[in-house]
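Note that subunit A is present in both complexes that follow, paired respectively with subunit B and with subunit C.
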Partner chain A sequence: MATSELYLCAYSTLSQKQHDRDNQVMMPDSVVDDVLLSVKNISLSFGGVKALENISFDIRKGEIRAIIGPNGAGKSSMLNVINGFYHPQDGEVWFKGIRRNNLKPHQIARQGISRTFQNIALFKGMTTLDNLMTGRITRMNTNMFWQAIWYGRAERQEIEHRERIEQIIDFLKIQSIRKTPVGRLPYGLQKRVELGRALAADADLLLLDEPMAGMNIEEKEDMCRYVLDVNEQFGTTIALIEHDMGVVMDIADRVVVLDYGRKIGDGVPDEIRNNQTVIDAYLGVSHD
Partner chain B sequence: MADADTFPKLLQLKASQLADHPAIREKDYGIWQTWTWADYLKEVTRFAAGLSAMGFERGDKLFIIGQNRPRMYFAVSAAQCLGGVPVPTYYDAVAEEMKFVIGHAEAKFVIAEDQEQVDKVIEIRESCPTVTAVIYDDDRGLADYDKDFIRSFESVQALGDKALAADPELINRSIQASNGADVSVILYTSGTTGQPKGVVLTYDNIRSIASICVDLEGLNETDSVIAYLPMAWIVDHFISYAQAHIAGFCVCCPESPETVMADSREIGPTYHFTSPRVLENHRTSIMIRMEDASKLKRWMFHKSLDVAKRCLDAKLEGKPIGLFDQLMYKLGKLTVYEPLKNQLGYSRTRLTYTAGEAIGPDMFDFYRSIGIHIKQVYGQTEASPFVTVQPDDQIRSDTVGKPIKDVEIRLSDDGEVLFRSPGVFHSYYKNPEATRSAKTEDGWVHTGDAGIFDSEGHLKIIDRTKDVGRLNNGAMFAPKYIENKLKFFQYILEAITFGDARDEVTAMINIDLSAVGDWAERRGLSYGSYQELAAHPEVYKLIEECIEQVNADLAADELLADSQVRRFLILHKELDADDGELTRTRKLRRRIIAERYKTLIDALYDGSDHCEISVEVTFEDGRKGSLNGDIRIVSVRVFNTLAKTA
Partner chain C sequence: MFYREAGEFKTSYPADQQIFPIALDRLGVKIVLVFAFLVVPFIIDDYWEKSVLMPFLVWSMAALGLNILIGYCGQLSLGTGGFMAVGAYAAYKLMTAFPDLNIFFVIILAGGVTALVGILFGLPSLRIKGFYLAVATLAAQFFLVWMFNKFPWFYNHSASGQITAPERFIFGVAITGPEAPPWATYLFCLTIVVLFAFVAKNLTRSVIGRSWMAIRDMDIAAEIIGVPPLKAKLTAFAVSSFYIGVAGAMFFAVYLGAAEPTEAFGIEKSFLVLFMIIIGGLGSIVGSFIGAAFIISLPVLLKNIMVGGLGWPTDIVQHLIFMLIGGLIVFFLIVEPHGLAQLWRITKEKLRLWPFPH
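Take a look at the complex of A and B:
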């Protein structure tokens, strides 16, 4: 594990994870109790372009699941299917043991799936605090009138939500930018705020679309630590797309590999590392 | 309880006199949480009882590493309650530095603030056999750690509750068993040379000086301070712990190191300790922000500063201030000075100490003119810690004031400052040889600083005695004096001069990235990194102008005229404590710098106009890499001395 030296911070958590991982491999596939989400035979096409072709995999409770693949492999499309942004032509999505019909993204968010985006999608003119608060919107159920006069349940609820947000601010160590408009923040911090907003929804499943893209090594290390801590501390299941193989192999429990809309590998990082098809896909063997 | 001669006894006293008065505050989850003096005692007692149940005995050492948090202060107090000795350490110390201190102090327990610190202890666990347990404050990320070795602060307090239920007087008995002559704390000095030394201070040492200063400044329980200096530094221990226990004022712990300014604004501390470096940073950032302000605001700002400066000058010279200026000052106070003070967190401040380095006259006047009461003090850990303080009505930028009550100062034949006071340290821990060389038998301590008294009896510090050298022609060479003059320019962050046993003086410069970066932006100069900016020909020109001004200044002084800087270069990396080039309090480590940059220094003297160098750098996580650069060397104009031209 040469790369793990890079992630000193995560080291001891990792060795624990390694241990868990070894145990998991032993588990028979028939154990379905611990599956949080599974996608079965998903196919998605835009006109004549097939973005996803017959993809099936599952995400178990409490794990960090990585989705990798070369550019255009269909990774982001897969996330968009999971959170209901795209509706596949074929296939099923099962969440918490129930088959999901075609729901709107906000309904899915309410069910307990939240996400971050590849190209940060924060409200640039709003402060960090307000941005995080928007993450709680699915959980606010007083109407605008009561919120405007800020009395009774609306007041109580806002205080509760603020408390949760403060915990997240503390957790992500962003106290110093609490009142800073996010547009003024450097990229790495904006990414962190976005993670915070996704966390604010208290989701069961967190989808992270390239959380470390465009970061320098120190920012990546920080982000890794936060992802691992979220997983460990809050027990949140995480599915992430990432290009940095060092990061993926280090923090993921299981990895699914996509290439040209097809699944070409699925397993623990060691299996993936030695999978010839995956290596070919990354090194660019010609496709006949 | 008439003779509260230890801090735990003082804590008991405060808990009865000021039971409901806030003692310590911490901003947590965005809200200031308060512990009263009664709470303080309770927290400390519970923790001390827990430590005792875990096997902490009289004389044991408690190693403390973390930022300023109430629990860290409770830990200091708890160790003292049990007759043990707290050993606070700089929180940014790398594992190797921690290993030395833990090993040397033979610490039995470690209090670590969070996962980052716990990881460092685990890294060196093998080589620190004395450590039996690590106690942490913040549990984040620590769920999977070895529970036998590592435990939470709460769990220790829970143990303490059990012990106290069985024996409520456990801690009180232990507190009464200590007295003022006992060791209260060991503080490891960051050490400009070699390994750090553990300065052993007794309760009497710190208590006496703390009381003298509390009386001198009239500090009382209505005051408040922000605790943001490293806990391992004597000054934080002195103010946030010792003086707080004596005067009963409230210590406020900021949310994080980055929020100190914002937290200061909210708290409005009345008593501040700051360093010239911090003041400089504040002023630079104000100036940069003013450049971006609207024309009207900028005009108001500069006009008001001019008025303030005129009023201050008149006051210092004892001249009356004109009616117009008096009026303008009042207006300025309303529109500029007070809002500015509020921005800096000084809206309620009535006393500000600064120490550690010389302060530029411009900067000193800037702060004093807008109504911030800055006073310079001088001291060191071995003096626990203050020796001189400027009297209220005699404040100058170039002196450090007069000896405080019960302190005697004399100068040795070679100009070294020696002092004797009730605060004189007990010894260096396990280092009798160093103790003997620093402290004479009749109690005088060698400071290692060269100084002079001015006509009014104010002490002036020139440089470290050992750093004062001679040029080959016999002229005096005081490097720090020249470096300070250079550093008074906002563009120069750090300067190192060479000249001892040389024919001429040369300098290596570190530019201030924010000030020079801003300057470059305004001129449309593009740069991608510190290294690129530092090598820019325009930046070289800028620095050259600064050095020329210093040379002109030096030329005016007959003694120092030969110390004019002939050649200089701008370093391609910032000097860094992680690389051992600075101490943790950001003082230059000259010997190490001279070793690391030997090729550059040689090039400064062999006439070449550039030089290639590769230096090893340490990243924050302890990994190493190397940084290469081709550095230009430039000559500067020197001036004839006035004496010679005359």
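Take a look at the complex of A and C:
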């Protein structure tokens, strides 16, 4: 559980939007339970390279939390820590109010964290449908024997989950590429399928590593729309890495800024926009 | 316009998730099965059994197994011969220790034993990949053959060092032993192979099969989205070895009748099966059959034409066949890594449009 001090400070910086949402969905004084994930004093290094130094922040239920920073700042490493692919030398990860022990990535996925990758990591030889069905693996479970004869629970399960996957396919408007091997799809569509695969898990926390990188304006707008819709319609909490400041300032509820592995800013978009350290370290240096 | 898939609309997910969603495929499979089960047994003779049909069935089974491991799960193995030997020796020990045990269960249990051995030799795959894993399985190949030569317990201390299958019956008809009629051995193996081909098809289209393919295509991403790599890899080794063990058991007990490890289960058998799945198509169930049929029937066909028809010397024809198969493997590796199954798929796509290409 987050210390009350930490939470108070986070609460005082909530945006108006966040306030509204809190008032709608829960009692204002239940906000302590409102933290979905928090990282505390995370330090991670590779040999001599310090990728993350003493990083703490939290992600609240239902929000879009952006993580920004210049290249090599440690953003992707942070996501890798959150889903257990990297093990920090120091620090704690709390998820759903429980301190997490050393779990394997696939166990963490089962707890309700799913993600997309900076460089598309789809299963290239499989169809869109199979990629999405694989994304749902954390919710499927059948004895191999029944799968072998395709009968009873195994068959029922395939059909039941296929229905949910079809909803996601409709949502992302990828019906026409259902049976296409994803390796044959253009880049923008692959990014969308990858989002679909992450959505398929119906996870509580969705980590998106630069979902709009390399896209043209139209594709970016579509992707923004999907991210906002996922957040609003499914109520999914989202942690988003993105370089496009316009996008970040538009859709994020709160922003954490990393630079050379250190946290140099944390707050609502307006605060970040006006934070001198952030401007110096990031906004002033690279605009894109 | 002969072959249609686009024109067929599925109105429910169960219909779309049938084992063969396309009506023409379903018809094709039914025709092949009816022919194989109801026609062939009446026309089969000794020559067809020994030189074409039985080898085809045995090697199809082995190719199915190896394809699950390499084609679906992406774990390279050169231990096929060794695992077939495990199946064969397990069958032999079971037949001699439990004379009353039905031969069908002997074969299945032999597969089970091989699955356990497969898991054991699959353990390194949790740490090593690709080329290094191939070397580890190569070590398994040599170790297993050495082991079956070395310890007389495995061949019941027979003077020749060979294992010989005793006669076993199903419904009073001999399945093993020299008296077994061709139609009976054929039907017995056909039943097993067809049964497990459907099992393989089912496995590869459910949760477990998708985890295998996910590990094959991108193992790190697979683990991060929730595929347990340990379970996926070890089940692939287990299932694959089961198939290969069953193939080895049928090869020894039903087809050969007697075997000696170095000759019957050497490294060239590992390569033979590997070639089958490369030519047939990696990651394709039907490809396993196509590959086995191709590699089994090509030499028979060419020998009949060149030696029988044209009167060429046998040894030259033998070498020509080697060269041809080698050339084909290079061709498929470079031009069409998905093998004949993919060419077949492309043909079907063309046929769908024919005669109007647009």
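The rule we apply is simple: the second predicted complex is superposed on the first by the 251 of 288 C-alpha atoms of A that agree within 3 Å, B and C clash if a C-alpha of one lies under 4 Å from a C-alpha of the other, contacts with A are read in each partner's own complex, and residues count from 1 in each chain.
In the analysis below, contacts are C-beta pairs under 8 Å (C-beta built on N, C-alpha and C of every residue); 3 or more make two chains touch, one makes a residue touch a chain.
Computed from a predicted structure; not experimentally measured.
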Contacts of A:110 with subunit B and subunit C, given as first, second, both or neither: second
Subunit B versus subunit C as contact partner of A:148, first or second or both or neither: second
Per-residue contact with subunit A, leading partner among subunit C and subunit B: C
First, second, both or neither for A:76, with subunit B first and subunit C second: neither
Which superposed partner A:236 touches (first subunit B, second subunit C, both, neither): neither
Which of subunit B and subunit C A:128 touches, first, second, both or neither: neither
First, second, both or neither for A:166, with subunit B first and subunit C second: both
Where subunit A meets both subunit C and subunit B, residue numbers: 162-163, 166
Subunit B residues within the subunit A interface of the complex: 28-31, 115-116, 119, 122, 140-141, 143-145, 255-256, 258-259, 262, 619-622
Contact set on subunit A toward subunit B in their complex: 8-9, 11-13, 16, 162-163, 166-167, 169-171, 173, 175-176, 178, 218, 221, 225, 228-229, 232-233
Subunit C contact footprint on subunit A (complex, rising order): 83, 85, 104-106, 109-110, 114-115, 117, 121-126, 130, 133-135, 137-138, 140-142, 144, 147-150, 154-155, 157-159, 162-163, 166, 197-198, 201
In the complex with subunit A, residue positions of subunit C that touch it: 13-14, 17, 19, 199, 202-203, 205-211, 213-214, 216-218, 220-229, 235, 283
